[in-house]
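Going in written order, the chains are labelled A, B, C and D, and every chain counts its residues from 1.
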């Protein structure tokens, strides 16, 4: 079992009806995406073509921050607040989609290809969780 | 002029039609609220009645994280993305309202009284900016 | 290969003599530990004995923040600054050791047992990387 | 009184011998510096000369993250841990000094001039607090 899975399984109270497997996938996708976007922004900074990549770098930085916060909100279950969970998942879907679309135009750079895939996976995991909550 | 105001005024390109004064108020409110919520969560942890405050502590932690990320997204103007700005402002409004409502029930504790006021100011600044963007 | 490994392998310039395998282990440990500590703070908040756990909760919150920032600093290679890398790794070792020692006293709670293990792994990975840098 | 000052004054327990005025200055400097560095990284991204600024952008991003985490650690007083406080203040001094030195070479750009000043103030506040702790 992964660490996120073990932490979910050891939460001492009830998870409030949220699907634990779906929640775990979203948490793991958010942390993975936060790392990939931080690294992709940095890799773009080191490309000779950096002047053409500034919009994508900004998208990466936003996506890293939004995924970090979404991953933290989803890792907390005490006093669960469906409204905030939903609002952060919606912001995360927007950030991941924007970043995946941008990086997806530059798959000749391996870091953008990997980052676009990770963003799509995170977007899907958050969309699936959102649907299950409503 | 404040530092956030000087940074906005020195941005080398156009701000894309966003009202600079309104943007500055939201940025400053987000950073102020992130600090107050971090401190309020910690102050609640040190109250003898901590066992009755766990839901509020969680709300404070979420609000600190959401305001931090919103403050960062609003501090970036390169490749401005109205969709993400709007989604984060909406999440920030939810986090601040929830936290203000919770802390507002405990104004006998000074840290909750101050924190509730700061959350309300941040909520208003974000709502005003949201309205101006749509 | 993991995402962090793929991102490292696709960095377009040189990593500046840092051991890539060791760096990858530290990056992954930092993100894993940031998640586990966020979840453990929340799980502690939901324990009936929360009033006895406040010092540990604070240690968890600090460790989550320090590991997040260390994971970000380690994920960047452009304009590598050995002094900052070293200073953050040292702070991360302190945060992980403190948190592991605290959670290690409460292994009857599964979340603390898992979290202590994750903190020890992150501490070791950061110590090993630190040694290789000096 | 500022919000950070009001939050400090309303902390329900003892601050453990830390100088409250000095602590407040460091907390406020960290949050201000985190904002300025986030904005300066973004302003650099929008400069026509961005290809010459990549090392500084990376320094700004690191400094924003390190100041954010230092600001959070300093905002918590429950279960005060002098070792972690010291280690984070040392990392923050390194990050601010590096960033101030880099931005200080580009004071023809207003955002770098402002950012260098803010970084120096944050460095000084953290150094002063560090000295008072040892």
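Going forward, contacts are C-beta pairs under 8 Å (C-beta built on N, C-alpha and C of every residue); 3 or more make two chains touch, one makes a residue touch a chain.
Keep in mind the model is a prediction, meaning the values are calculated, not measured.
The interface with the greater number of C-beta contacts, when C-D is set against B-C, is C-D. Compared with subunit A, the chain whose C-alpha mean position is the greatest distance off is D. Centre-to-centre separation between subunit B and subunit C, using Cα means, comes to 27 Å. Measuring from the averaged C-alpha position of subunit C to that of subunit D gives a distance of 21 Å. Contact with two or more other chains is made by residues 42, 45-46, 54, 57-58, 61, 68, 72, 76, 78 of subunit A.
Across the complex, subunit D meets subunit C through its residues 54-59, 61-62, 65-66, 68-69, 72-73, 76, 78-79, 81, 83-84, 87-88, 90-91, 94-95, 98.
Within the complex formed with subunit D, the residues of subunit B that make contact are 3-4, 6-13, 27, 31-32, 34-36, 38-40, 42-43, 45-47, 64, 68, 71-72, 75-78, 109-111, 113-115, 118. Against subunit C, in their complex, subunit B makes its touches with residues 41-42, 45-46, 48, 50-51, 54, 57-58, 61.
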